[in-house]
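Same chain, two partners: chain A is paired with chain B first, then with chain C.
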Partner chain A sequence: MSVEARERRQPWILLSPALGAVALLLLLPLVFIVVYSFWLRSAVGPDTVGFHLDNWQRALTDPFYRYILLNTLKIAAITTVLCAVLGYPAAYFVARSRGNKVILLLLLMLPFWISYIIRTMSWINILGSSGALNTALMTLGITSEPIRMLYNEASVILGLVHFLLPFMVLNVFVSLDGIDTSLEDAANSLGATRWQAFTQVTLPLSLPGLAAGGLLCFVLAAGSYVTPVVLGGPRDAMFANLVYEAIITQLNWPMGSALSLLLLFVLGGLVALYNRFLGLSQLTRGLG
Partner chain B sequence: MGWNLIRVYAVLVYLFMFLPVAVVVLLSFNASQFGAFPMAGFSMRWFVALWENDAVMRAFRTSLLLGLLCAIISTTLGVLASLALVRYRIPGRNLLTTVLIAPILVPEVVMAVALLLFLNFIGIGRSFPMLLAGHVIFTLPFVILVVQARLVGIRRDVEEAALSLGASPRQTFFAVTLPLLMPAVAAGALFAFTISFDNITGTLFWKPGGVETVPTQIFAMLRHSISPEINALGTVMIVLTVGLPLLGAALARRLAMKSGV
Partner chain C sequence: MDNTKRYERLLERYRNGDLERRTFLGLIGAAGLAYGVQTPFARMAMASDVSQVRFDGWGGVVSEAFRQHAFDPYTEATGIRVVDATFSGADEYLAQVRASSPGEYNIAHLSGAFDYARYHNFGLTSQLNLDNIPNMAHVMERLTEVYWSITPDALSAVPYNYGTTGLAYNRAVISDEEMREKGASILIDPAYEGRIGGWGEWRTRIWYGALQTGQDPNNIEDMEAVWDAIRAHRDLALKYWSSGAELMSLLAEEEIVVTEGWSGRIAALQEQGHDIGYYDPPNGYGWEECLFVIAGSPIEACEELLNFMLDPATSIAVAEGQNYPPALDPTRVDLGEKVPTLPAFDPTGTLEGLTFAVPDYWNGNEAEWSEQFSRVQRGF
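Showing the complex of A and B:
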């Protein structure tokens, strides 16, 4: 074999184990559940192979499923907005700080290393009936009995915001850090107030980071399974809980396949939309 | 004035991030029976209880084994793929990269369901191998992203020098390339281990009945109620996943300074 041919084959030899793993453990399984979603569950014995639309019909028309799907999207949207409101100023502070940026950044990254389940359950210590908040309120004599703050939609959203905020802060920070600060100075010297300079120069330039952080928060929130179980009540199930219920509890795998794919299509459509939107915004930026 | 407002706001956001975690650590040293406020003095009894809790220790061993195997496999696959992506001009590079990081783009639940049903169909039920396969595919994109970022910084002319001085490609790889790669390999392995150690959603779908990892063990214990034992376990996890990487980074920096790279 010539040296050139070997040189050409080399990268494919290096890539093949990883590509093989992704193909075998992700892509093929995804194709498989598309097929599986058209099968039917049998009361006894193996599932019925065939092309049946029953699961899809139920996934798309069942009012309970629709309610959970819409509620999941609503919770994800609220979470994303809260992450943006909390995260943007914090990221701005780190990006423009004259203090020790390395320490501030390290603190920013630290939550990524703290276990998700620990961060989620930590709120039980804060909001529980004998948690920090209730103990403080009762010690101060503001209430005589513990207030029920846990196991509702608000505590689920709180847990999700706490989990996802670092993703938002990091994305916004990266885009803010890449903006030349002399642009703001230029705006100031041309007579803009600091607020005007921010809203008309800095904010628009940092929108890609905000959008990227927002997309991550939304997709991760909408797909969350553990947070609603730990911090929510029985009525706060989200879509991933439905999927788990169908697959693990009811063992209705064809239905579970259809439900998972529905979630994938909704969130995947959003990612595609974002892709297109970002392309457009970058185009206008290039023109401006 | 505006800047001070932002500063106060940012401090509050940081407090929001870290106070609940600090409370976990604080309560794990609580001497009181029920592990809630008010604190009743300092005690290590919950850490002793953890040590004597067979289920927890079993979960730790499972998580460690899973994390180590996952780190080895995922890092091997990831380093090889990153080498190909960074070192060679290959047609369709962007598409290849997208395929390789696809596991991040697909919601975890969907990936978990697809893998479970597919492996089950070809005869592999919920088991340790399924768990390992899931963790490898879940961590692979992160390894590739981290390793790629490190690889870009390694200069090729050192290898070319070795080759021109008469070293064989194999000798060059083991004597020159691999030592230069080590920081990237270590970073990838650490990442894979930590992500595997922390994974819970996929694990709940893939694990066989009766087998628990540390996160699923905590999840199961939470079904009853929060207890000081869970807080102690949380503290151990925080020390392991935050303390070890920091230690690793400090060590790597010291080694790098010594070797003068």
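Showing the complex of A and C:
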């Protein structure tokens, strides 16, 4: 074998474990899901094998699925905006702080050391009828009986913001940290106020990080399953909950497969749009 | 006789000179070949037959009782380890079993009627040799009738306990008299808006919807009325709970004051000192649970464990631990002092006072009702 041929093969040999893992753990199950989505669920017993479009037809035309999908996108959008509003100042503070950046970043990572479910359930002890906040309000005489703060859409969004905020802060931080601070000084020396320097120099330069954080928050929020289960009321559900119910409760694996692929296509479409206009390189930079 | 014993006998004959070395090795080789030409999954399953058996249950106090009173003593007596796992719901567990290799899951603590039929429909039943489970003689015949109707040739499970899903209420807020007067309708009483709970499971919601509309849960004629009752409950409820632990937490923390509840879990709350009442309304939801042996499991080891668990001493200890009456016939076995005080206990051994779901009726409607419930739950 020639040296050139060996050199051409070498990257593929080195990549083969990773490619094998992706093929086995991601692509192959995805193929199964695609195949399943064309089968039909029988009332009892094994599913009906074949090529049927019924599940796809229902997933795309049934107003119930459309409503839950739109509601999921709405909740994800609100969560993303809240994460941006709350996360940007925090990221700015970390990026501009001197000396203690590592400690601040470490503090930002601390929540990841605790299980997501435990973090979500902690809100029950804070906002529940006999939780810390209601107890404080009643002890101070502000209210005579507990205020109902849990098990609604607002508490679901709160739980999602709690979960996703670090992702936003980290992405914005990476972007802000890469901006040369002398640019702000230059703007100031040219007569701009600090606010003008921020809005016309720093903010535009940090937008790619904000967009990357936004994309991550949106996609993770839209695919969330646990938060609505723990903090939502009877009506509160996101699309992932429907997928779970179809597969687990109703044992309707074909329909669950079609629904999960529908969610994948919608979120995949958003990622493709992001890549078209902003490029995914910012995202990998933020994650790095 | 299990495979280990067969091998030991063969080895003994060889050592005694009854078999030639070539014949012995030939037989071992043939056994290995027979073993190997089975599916790889079956080989994996059989590999666990003498050393361990996997048991899946509901977790919480139920699993603790099993571990303490059945598994540990069984392992001590037989040397077979019981791998104890939990699931949060029967539907979720069935999905896992369907996706598994034969033999990966062995024994599960399942619903005696619904799940027995569902597992049979998916070809997941095994065939138990009841001669190897002599303690079945203590079990109430009523509890096995439904199993025999589904699998007339052989059982795939033994009944283990029964209970009810009745009404649990905070007695500081709701009196016993009010509960008896309102019955199942208290779950759609606007007076308790925002303080009502309910199990987010379609069968229970429909069963109670039938009670709230004055219908027989095993023969619902006006399904629209039932959906309307479920909608009314949904709009008044604070939360649908999804596990026994969450049920106990919501009641103990006083987030809710009334809900349906599992009799054993409510008894556990009462034992902990919470002033929670429990009431089975007329036609209340009775159920039985079984120890189901899943197809592909090491049958002999499983039969051995089932017989051990049905031993009156073990069965009563587990019942006292999990607060559900055992499947043992109280007219034939002395159940001690605590069991007769448990909610749902039937001293006659006939269980005539309990209404069980008819599996054919409910499983036949499962596809339509479970999906419709998902929609109704979300406001449709």
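As a convention for this text, the second predicted complex is superposed on the first by the 259 of 288 C-alpha atoms of A that agree within 3 Å, B and C clash if a C-alpha of one lies under 4 Å from a C-alpha of the other, contacts with A are read in each partner's own complex, and residues count from 1 in each chain.
Here is the rule we go by: a residue touches a chain if its C-beta (ideal position, glycine included) is under 8 Å from a C-beta of that chain, and two chains touch if they have at least 3 such contacts.
Because the structure is predicted, anything quoted here is derived from the model rather than measured.
Student: Is the arrangement of chain B and chain C around the shared chain A a clash or a fit after superposition?
Tutor: clash
Student: Touching A:130, do we find chain B (first), chain C (second), both, or neither?
Tutor: A:130 sits against chain B and chain C alike.
Student: Determine, under the contact definition given at the top, whether A:226 touches first (chain B), second (chain C), both, or neither.
Tutor: The first partner, chain B, only.
Student: After the superposition on A, what does A:237 contact: first (chain B), second (chain C), both or neither?
Tutor: Touch status of A:237: second partner only.
Student: Quick check for you: in the superposed arrangement, does A:252 touch first (chain B), second (chain C), both or neither?
Tutor: second
Student: Using the superposition on chain A described above, determine whether A:154 touches chain B (first), chain C (second), both, or neither.
Tutor: Neither partner.
Student: May I ask you to decide whether A:207 touches chain B, chain C, both, or neither, giving the answer as first, second, both or neither?
Tutor: After superposing on A, A:207 lies clear of both chain B and chain C.
Student: According to the stated criteria, A:40 is in contact with first (chain B), second (chain C), both, or neither; which is it?
Tutor: Neither partner.
Student: Which touches a greater number of chain A residues, chain B or chain C?
Tutor: Greater contact footprint in residues on chain A: B.
Student: Superposing on chain A puts chain B and chain C in one frame; which of 6-14, 42-50, 168-176 or 222-230 is the clashing stretch?
Tutor: 222-230
Student: Indicate the residue numbers of chain A shared between its chain B interface and its chain C interface, in ascending order.
Tutor: The answer is residues 124, 128, 130, 229, 247-248, 253 of chain A.
Student: Report the residues of chain C in contact with chain A in the complex, numbered from low to high.
Tutor: 89, 91-92, 94-95, 98, 118, 121-123, 194, 198, 200-202, 234, 237-240, 242, 253-255, 363-364, 366-367, 370-371, 374-375, 377-380
Student: Show which residues of chain A lie in contact with chain B when the two form their complex.
Tutor: 10-12, 14-15, 17-19, 21-22, 25-30, 32-33, 36, 86-87, 89-90, 92-94, 107, 110-111, 113-119, 121-126, 128, 130-132, 135, 139, 162, 165-166, 169, 194-195, 219, 222-226, 229-230, 240, 243-244, 247-248, 253, 256-257, 260-261, 263-264, 267-268, 271
Student: Given the complex with chain C, which residues does chain A contribute to the contact?
Tutor: 41, 43-46, 64, 67-68, 124, 128-130, 148, 150-151, 229, 233-235, 237, 242, 245-253
Student: List the residues on chain B that touch chain A in their complex, please.
Tutor: Where chain B meets chain A, its residues are 2, 6-7, 9-10, 13-14, 16-21, 23-24, 27, 34, 36-38, 76-78, 80-81, 83-85, 87-88, 90, 96, 99-100, 102-103, 105-111, 113-119, 121, 133-134, 136-137, 140, 144, 194, 197-198, 200-201, 204-205, 215, 218-219, 222, 226, 230-231, 234, 237-238, 241-242, 245.
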